[in-house]
Structures are given as structure tokens and as C-alpha cells.
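Here's the structure we're looking at; comments come further down.
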Amino acid sequence: MNSLTRSFLNKVLGAVKKSRKCEILHDVRVLSNLAGKRSISTLDISGIYPPIPTPFNTDESVAFDQLEKNIKIWNKIPLKGYVVEGSNGEYTFLTPNERVEVVKKASEWAAKDKLIIAGSGCESTRDTIEMTNRMADVGARAVLVVTPCYYKGRMTNQALIQHYTKVADNSSVPVILYSVPANTGIDLSPEVILHLASHPNIIGLKDSGGDISKLGTLVYKTQCEDFQVLAGSASFIFPAYSVGCVGGVCALANILGDELCQLVQLFKDGKFQEAKELQFRMIAPNVSITKMYGVAGLKRAMEWFGYYGGITRSPLLPVTDAEEKIIRDIFVQNKFL
Amino acid sequence: MNSLTRSFLNKVLGAVKKSRKCEILHDVRVLSNLAGKRSISTLDISGIYPPIPTPFNTDESVAFDQLEKNIKIWNKIPLKGYVVEGSNGEYTFLTPNERVEVVKKASEWAAKDKLIIAGSGCESTRDTIEMTNRMADVGARAVLVVTPCYYKGRMTNQALIQHYTKVADNSSVPVILYSVPANTGIDLSPEVILHLASHPNIIGLKDSGGDISKLGTLVYKTQCEDFQVLAGSASFIFPAYSVGCVGGVCALANILGDELCQLVQLFKDGKFQEAKELQFRMIAPNVSITKMYGVAGLKRAMEWFGYYGGITRSPLLPVTDAEEKIIRDIFVQNKFL
Amino acid sequence: MNSLTRSFLNKVLGAVKKSRKCEILHDVRVLSNLAGKRSISTLDISGIYPPIPTPFNTDESVAFDQLEKNIKIWNKIPLKGYVVEGSNGEYTFLTPNERVEVVKKASEWAAKDKLIIAGSGCESTRDTIEMTNRMADVGARAVLVVTPCYYKGRMTNQALIQHYTKVADNSSVPVILYSVPANTGIDLSPEVILHLASHPNIIGLKDSGGDISKLGTLVYKTQCEDFQVLAGSASFIFPAYSVGCVGGVCALANILGDELCQLVQLFKDGKFQEAKELQFRMIAPNVSITKMYGVAGLKRAMEWFGYYGGITRSPLLPVTDAEEKIIRDIFVQNKFL
Amino acid sequence: MNSLTRSFLNKVLGAVKKSRKCEILHDVRVLSNLAGKRSISTLDISGIYPPIPTPFNTDESVAFDQLEKNIKIWNKIPLKGYVVEGSNGEYTFLTPNERVEVVKKASEWAAKDKLIIAGSGCESTRDTIEMTNRMADVGARAVLVVTPCYYKGRMTNQALIQHYTKVADNSSVPVILYSVPANTGIDLSPEVILHLASHPNIIGLKDSGGDISKLGTLVYKTQCEDFQVLAGSASFIFPAYSVGCVGGVCALANILGDELCQLVQLFKDGKFQEAKELQFRMIAPNVSITKMYGVAGLKRAMEWFGYYGGITRSPLLPVTDAEEKIIRDIFVQNKFL
């Protein structure tokens, strides 16, 4: 689809979205599909994704061979796809070329049925657009765009709306908003998200903040807009599904991908009690590899399950032996080891 | 039950709780009941409670006649009981005598099947114990004890554990922990809560923080301890039930008590889709009378539904006409008006 | 001065203050003094004050004999006066009657030339007014009114202005604003302070936040308004004087009253280098008895200097032996022991 | 000086610094200078620096001609030098090559007596080292290294110490620590700073946090270590000098460079009253172009004083007409316009 066609379709779909008439929207989509032009905004992103870590050699260079090895294992799990160069990918430590290269390789090694979502957010709008399209060119089917955050005092609702609109207008693939206040200090507000949800090339949100009533509100208010909300953590994946989220990007899925997919299946089958029990067992292990010890903890724990973990780039420090024991005990107590 | 008996039972039940053997705990309870001594720790607090506002006359004195009028209406709704002198009761603005008097009157006017839970928290441990027992003497069946917060830099886990233990040791009725970081700046940590959950006279928690994975963890880890977790807000009552909470203390229940009880019934009947839809409609109205406009907003909205609202005590300001319109529009949009 | 006279004078002086004409203001004051009616707003509060702790016996009752003993020692130091029932007085742990009684006794035992400033802040406006006048009746020459903070989401500028205005309108002694965000979570904004500075019965501010440019701005913008800014901590007393503050309420003055008075004298004598050196030595000791270990640390350290310290009321915990050693080492390293 | 010599000198000087013997340190420096090898750690950075904005053309490309024009004006002012690619340089919006190029050009156009300090901080240690040496190669005499901040939950004291130590070990020019919590959410702790102050290639700190007692403590505790503390804002430059800071990196110096240099001269001449008055007039203007409206406000205000301002890169928005009027009024009220 060329840029002009995209621009035209964006305008039509945007107008329809804003009218908030579910029926019309559906009709347009059917027509659009009949015409052989798959709308750029109908990409189904529901399901579970691990935000995969970038493996490093001991000299901190990217260990592409280990990346391939990990992906080959994940390929056998019913994950929906992979989030590449998200926060767990240490993307802020990679050069622009490295970021693109990792996305390229991951796209090649991913099984055909896996969706590649690439983290393309940069501080400036122009860099984000460039990175987005470079990543799309090497295989990303959608991009995850984190909130710019350095000038947080001036990241007003208006500034954020303008940023995401420009990115979505100029992106060759659909855009997913990404709010991760623990890293950025910025919690994307419902007002901004609801405004952006009507943009035809913005198809969803990954929210790592954990405010379940915010997630519910967003699901509720975007019911007619083909807007898909993903939970950003395994700690609240079951309640997130219970309020209508359609998937999750979960650090823990790097380790317990099968179990997370199973949890979702239990939910879909109406086996809520079993889903809940599985959810309960996941919270402490998840916290140990995110809030408590971060990427270094995640990488260490991956090694117990047959994946390559390896080091993080500096300034991130490796977990100490004592910290490793704490994480391991938590996995044992919850019967994952 | 005299103080000595209480002390002995506390020790036995505490030991049993700490052993975390569900079966033994159950046996002891059965024996305890057979012996005709109902354990102080088996009070069932599951269900929906409005944290009732304290009505004031135009001179800011307590309007007891209006309190009676409101309670008579609530008595007809299948609420489990009333939380009296919680945050929505403007308890920090009342003198100690006023706090006790409001609990006394509410206890008298409440229907026989309604449980009175009284907010007895003070900054000092000694004041909290005195207030607790005064409120118990005038009808409170349990007390809700907010975290002390003025010396927040020194409210370490150890200080909070000591505070609640002393209060529970000396309280003639069961104690419910109360964490409300939006008011206190203190979020009661899972470590403290889990430690205190083994105290025989601490039977539950009201958590208004909204961290659903924290609620899930607490339910999970206290499964053998007869510890009951209540959601502190109508905004996440459905996901809270879905992770095992057994009730809610919800400002919105002052206005939409029937609807909240209905939501819980839908959940219990396995009608999750309908429960979810009702939950969705409640979030914005709830936010408008809590985070956005607080007690003044709640009191204004109560008047549209036949209750007495009236003024707040200074320094809380009344809502302006413009603010009232915003709240009203939200209730209309969500079809509650 | 009766209430009517006070009300009239308030109006005249308020109008003059608002006109911001230094000359007129001065003339009115001279006339007012000539007429034999000392303006209520000309109380000079410049100087150093210890915010005195409330001593307790081992059963947590107030140790009035020890209070007398401490005051007799402080009386010999060139302190300007005493702040009674401030944050270091554990005022939130005292009953209303205890608060008044401590002010009464302190007033009696204070040397004639010492000014008693009493902490009269309560959460509600009505309680604050009542406490203010009760304290004034037993000897307080001015009151320090902390920001209400429990309903912090609704403590808008407008609410705070209304609160302080009502208190000042109804107080029989001058009012000093008190901002202590570490305890209250509320930082009184320059807008609110500047608005209130024109009230004839609001004569100053104690600010414990430590934002030196805020202090400077307030001094600068209230130059014509007879508004006196006090630093709320010994950690920045020298830079505070350098931007025009006229005094300090310093926890450390309970222990090192002479040294703090000496620092101020050095500043006034233009011996900046020596003042600076003394300031440097005070920062770590001050931090150890405030931010690090709070009132319990202060009380312990007082004992090394001949004062009665004793216990704090629960839930505040005593310092451990290890903590005591840390504090002591800091005092030794800085040559105060 | 080659890498081996640098490494050796670093070790010797580090050992001396740790011994905290002022006399020895001085002797070593004299010897070092006699030997014709100017120690890398004796760079005198005292004085006033504007953190210069990067000028953009309307298409957001770097306007090098305007940069030259601005520098030619600043060259005539007794500024100590220029901070290039600091927070006001929108460095996070520039590509690595752009960052280096701007430093290169600024170095060329700067008068011979002006010191170029370049902001070389990146999220990863390796990128920071590379950027540091690239900038040194094109003219930077020292680098300003901001705290990494994306993984803020893991930026422990240990991680930060390791980061800065690696950077300083591998930098061909002296390193200045940079703490700017308003942008990064990280306040470099006194513990970390004092530890790093003994590194021979770490010569100072720019602190934008505004905690004057922290600045005083750092000056006091590094008296024997040739460590120079710079205030990071014009709002507290006078009190910062009064506690021993030796300079300032002030956004306002882009506009009022002469006035800031004059303030410092007044301070040095012991004319404290006049220095204080000038300080007072600067606070509100400074706040208007930093906290309130940021770089966009700064750039707009520069235009009133003969400099090129121009646009900011997206997502930063330009100031509106209403905001411009507010800033202008503040400059007028304080008699700078």
C-alpha cells in the first residue's frame, strides 16, 4: 500500500471511528476486505507475547546466535508473537543500527505464524518515525511506541497527542501505544489514549501501570473502535482478561510461555477457578524478575529453563548470588521449579 | 467474653494460624463453636458496605436526624452493613466524642441484620485503642483501623506491625486493616499485612490502593488464615471479586447500593459478562465522587437519589455549579440518571 | 483588644497591605502605636526557636517535671522563644486537653523574654480556631498552623486560602503559616502564601521544605508586608538568612541552641566564613535527628547534652542501639561531642 | 597524554585524594606541573556557563549559522564557557552524529578563553564512553555526564558508582557528574557523589535539584579533593555561592549572561545586599523559562534579547501566545525588559 492510499484510508477510517457507529465501522471493514485491500488497522494482536531480552556476549556485543536459539524454543509455544526491543530488550542501550538489526534477525527466525511487534520509540518524533519505518522494513508487523519522557514537565496531553499522531500518520505499520510509568515517570492518561484510539493507524495499547480500573475504562470506552488493550505484566493478566483486555506482553512469558498461554485458554474455556489459581502462582515469580531485579533477574532465571540469559549491558549490574537464591526460592515455592 | 479468655483464645488461634494448616484451623473452629464460644475471629464480613458520610447542618453541627433518614433508606438494600467514620465520614474533622456518638446512633438505627464497622484509627496507638473500645461499647461489631501517617518517615514495617498488634491485642472486637495511600501517603505493604494476618483478632483488610495483583497475592497467601480482603473502591470491585476478594467498601454504595449488590450477585451467579458491563458503567461515576471531587461530590450526588447530602466541614469546599454539572453528566451518560 | 476592634483593625491593615505601599504601611503602624493600640500584626518573631519535644514518662503520660527541667536550661540560652506542640512535640499523639496543658505549662516556665509559639493546627477549620484560642488563653503569643492534609486531593489553593483566612479572622493572636511536606504531603504554594501574606493577622511562615529559591521569592515579594519567613530546619539556616529569612525553627536547637544562636550572630556581624563553617558542621547532626531517625533520635541525643529525652509515644519506635551509635558518631565527627 | 600515562596518573592522584591530605595533594600537583604534565584533574571550572540551546531551522534541522551568531554574542560576555548538549540543548532529540557536530562547531566558534563542557551522557556505559571521547576529540575540555535513568528501579548506588567509574577511567577529559531529577527521576545521592569525588578524573558536579543543604554538605566534605560544585539553576545561584559552590550552569545565562556574571562579581566583592537583590529579580524569570515553559520558553525569550531562538524539535511544543505573554510580563516586572 503506498503512502497516498494509506493517507486516504486513514482519513476514511478515522472519520468512521470518530462517528463511533459500530455497524458502519464493520461494514467499511468488510468492504475494504472485499476490495482486496486489507485495512491497516485490523491487525489482530490478541494473545500472549514475551518482550524478549537482547542476549549479549561477555564483551557486551549482541549474541545473535543465542537469540536464534531462544527464538527456536519460543517458536514451539502457542505465543501470539514477540515484542522485540521493548523495555526488557534493553533497547535504550542499543545503537539505532543494533535495534534494527535485532528486529531483522528476530523476524527471520520467528515461525511464520508469529507476529513481530517492534519497540520503535525514541525521544524525538522524527527519530521515532525513522526507527518505525526502518523496523517495519525489516519485518515488524506493528510497532510499540513508548512515551517520550526526558522533558517530562512539558509532556502535556497536547504534546503527547501531537507526537503519536505524527508517528501514526507516517508509520507504514500499525502503532501500539506504550505506557510504562515505572521507567518513564509518565502515565499515559485515559484522555490521551481515548483521543488517539480514533486514529485509524493506532490499534492498541500496552499498559504496564497495573491500574485495573483504567484498563476497564479503556476497554469500555473503545468498544466501537477496534482498539485492543494489552496488559503489560503477568501479575494482572487474569483480572485484565476479566475486564476485556485481549492479550498481554509479559516478561514472565520469556520463561513460562506455556503456562501463560494455558492461563488464557483456561479463561476462554470459562475455567475461572483454575485460571485464578495459576494467576496466583505467577505473581511472586513475575515480581522477582521485574520490579525486584529487572532484566538481570529475568536473564538469570531464563537459564534455569533452557534459554540463554547471559549478561546485561552496563550500567545494569548482574544479580548477586544472594539475589539469585531469592528469585530461585520464589520459583520453587510456586512450583515452577 | 472477658479479657483473660480473649487473651487465651488469641494465643491458641494465633498459633494455629501461624501453622497454616487449614484442616486444624477448621477443627479448632468447630470445637470452639461446639463449646458455645463463638471465636472472635470468625466474623463474616463479606459483602458490600457504604462508607457513610456524616451529615451536617448548615452550621456544621452533626445532623443526626438526616443520618437516621439516610440509614432508614439503606436498611432496605441488601448491603452487608455500614462503615461508619471512615474517610468518607470526614472522621478527621470530628471530635472524639462526635465520632463515638455517630457510631452509637448509626448502630441504633441500622437494621438488625446490618453489620456496623467503625473507623477507629487515630495517630497514636493509645488513642486508637481507646477509640476502638469506646466504639465497640456503643455497637461497632468490628473496627477499621487506618495507618497512622503524620510521621511517615518513621512508619517502618516494624512500627506498623507493633501498632496494629497492640491495637488488636487490646480491642474487644475484631480489627480490619485499612490502607488508603491517597489520603495517608502510606501503602501498607504485603509483608506487614501477611505478618498481621496471623493475628487472631485481625480478620481482614480494606485496601483502597487499587493494585489488583497485590489484592490477589494477599488472597492467595492468606487462604488458610480466615483473612478477608475487601476492595476499597467501586472502580475495581468486579476484578477484585475475580481474584478472591469477598466484599467492598465503596463510596458509590451510598448512592448505588442496589446496583453494587446486584453486581456481586451477578458475579456469584457466574454471569460475568453482565457483571462486567455493570462494572464498566460504575467506574466514571465512582471516580467523579472520589478522586475528582471527593466527599463534597458524593454528598451532592446523594441528593439526586433521595438521600440527604448537605455540606462538608471546612476546609473541604462544596462543589461548584460547574463541577456539579460534570458529575451529573457522568451519571447520566452511564444511565444512572 | 476586643473582637470588634480586631476586626476593624484587620480590615484597615489588610487594605494597606494590599496596596503594597511601604510608606503608608509604616505611617499607619506609627499612628496605631501612637494611639496606644499595638497592632496585632507587628509581633517580631525573628530569631531561633527549638520546636520542643513533649517529654513522656515510661507509661507514655506527659512528664511535666521533665518539661520544666528542660525549659529551665533553655531559658539561659539566647533563643527567641519556644515552639510548643509542633511536629517535634508529637502533637498528633496528644489529646486536645494535653496539647493545651503543655502550652500552658511551657508558658509558665518560660523566661519572661521568651516568646511562646504554639502549634494549633487541626484537620478541620473549626477545631483549629478553637485550639488556637484555647492556646492563646494559656499563654501562646502566636500560633503555628500546619496545613490540613488528610483530604489532600481536595486541599486546593482555594481551600487552603479559605482555611487560613477563617483561622486568622478568628484568632486572638497572630498566625504563622506552616508548611512541612515531609509530614503532610502538601507543599504550601507561593501563590497561597503571597495571597495570605496580605492578611493583617498572618505574620509569617515556617517552611520546612528546604527550597531556598522559594524562600528567597517569598522574602522578596513580601517586602512591604511585614511578613516574616522562618527556616524550618538547621540544615539550611545560613543560606536562609542569606536570602533574607529572619529566623529558624530548628529541631537541632533543642540540643545545640547556643551554637545556632552563635551562627546567627556570626551572620549578623558579617563573619560569613565562620558562619558557613558552623553551618557545615550542623547539617549531618541535624539530618540524623530529623530525616533519619526523627523525634526518637532527637530525644536520645538530647540526653547526651543534659536534657531529658525519654521515650516517644507509640507507634513511634525508640532508636536501636545501632542507630544510636550512628547518631553519636555523627555528633562526634562534627565535634559537638 | 596517552592512555597508559593517564591510567597511571589516575591511580596516583586517586590514592592521594583518598588520603585526604590537602598538603600532599597540592605538592603532587605542583610536581606534576613542573614535570610539564598538566594533571587532567586540575581543570578550573569555576564560573558561569549558559547551557546553550541547539538552534533549529523550521524543518527541525540544526541551524549552524544561528549557533555561530549566538556564540559570537556570548563571546563578549565574561562567561567562563559554554555547556553544549546539556538538557537545554535538547540533546535527547539529536542523533549521535549531530551531538558531536554541534560540539565541534561550538568549540570552533567559542572565544579562545571559553571552556567547552559537553553533555556526553547516554543510557549505556559504552555509549557514554564513546560519546565522551568523540566530543573530547572535537574540542570538549570536560564532559557533563547525566545519570542513566530508564531502568531507574535498578540504578542503585552501586550501579551508578560503577557507571561513572568506568566512564571516568576511560575518558580522555575530566568528568563532571550531572544530577537533574526533574528530567531523570534520579537524585544522585551524597553517598555516591562523595565516593566518586575521590576519582582523579571526576572533578565536579552540576546539581539541578536545588537542595541547598545537600550542596553545602558536598562542598564541606570534598574540601581536600579538588572537587568543584556547580549550581544547576539561576534560581539559587547566590545561596549556592554562599555555601561554597564555585559556579553555575544556568539556563538564564543564555539571556542574562552579563547580569549573572555581575551577580557573581558582587558576591566576590562582598556586596551581599546587592547580590541578593539581583538574585531576587532573577528567580521568577528563571522559573518561567525552566520549570514553567522549558526550552520552548527559553528560546522564545532569547529572541527579545537579540539571540536566535527558533523552534524546538517535536514532541516539544512551542509556547502559545498566552504563555509568551506570561513570560514577557515576568521579565518586565523584574525590570529585565
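Of note:
Order as written gives the chain letters A, B, C and D; numbering starts at 1 within each chain.
By our rule, contacts are C-beta pairs under 8 Å (C-beta built on N, C-alpha and C of every residue); 3 or more make two chains touch, one makes a residue touch a chain.
Composition by chain, UniProt nomenclature: A, B, C, D = 4-hydroxy-2-oxoglutarate aldolase, mitochondrial.
Worth saying up front: this structure is predicted, and the values here are computed from it rather than measured.
Under the touch definition stated at the top, chain A and chain D share no contacting partner at all.
When the CA atoms of chain C are superposed on those of chain D, the rotation angle is 180 degrees to the nearest 5. Among the remaining chains, the Cα-based centre furthest from that of chain A is the centre of C. For the pair chain B and chain C, the distance between C-alpha centroids works out to 37 Å.
Taking the mean of the C-alpha atoms as each chain's centre, chain B and chain D sit 52 Å apart. Taken together, the chain C residues at the contact with chain B in this complex read 60, 87, 92-96, 123-127, 148, 150-156, 158-160, 162-163, 166, 182-185, 291, 293-296, 313-317.
Residue ranges on chain D touching chain C, taken from their complex, read 210-213, 216-217, 219-220, 233, 235-236, 238-239, 242-244, 272, 276, 279-281, 283-284, 287.
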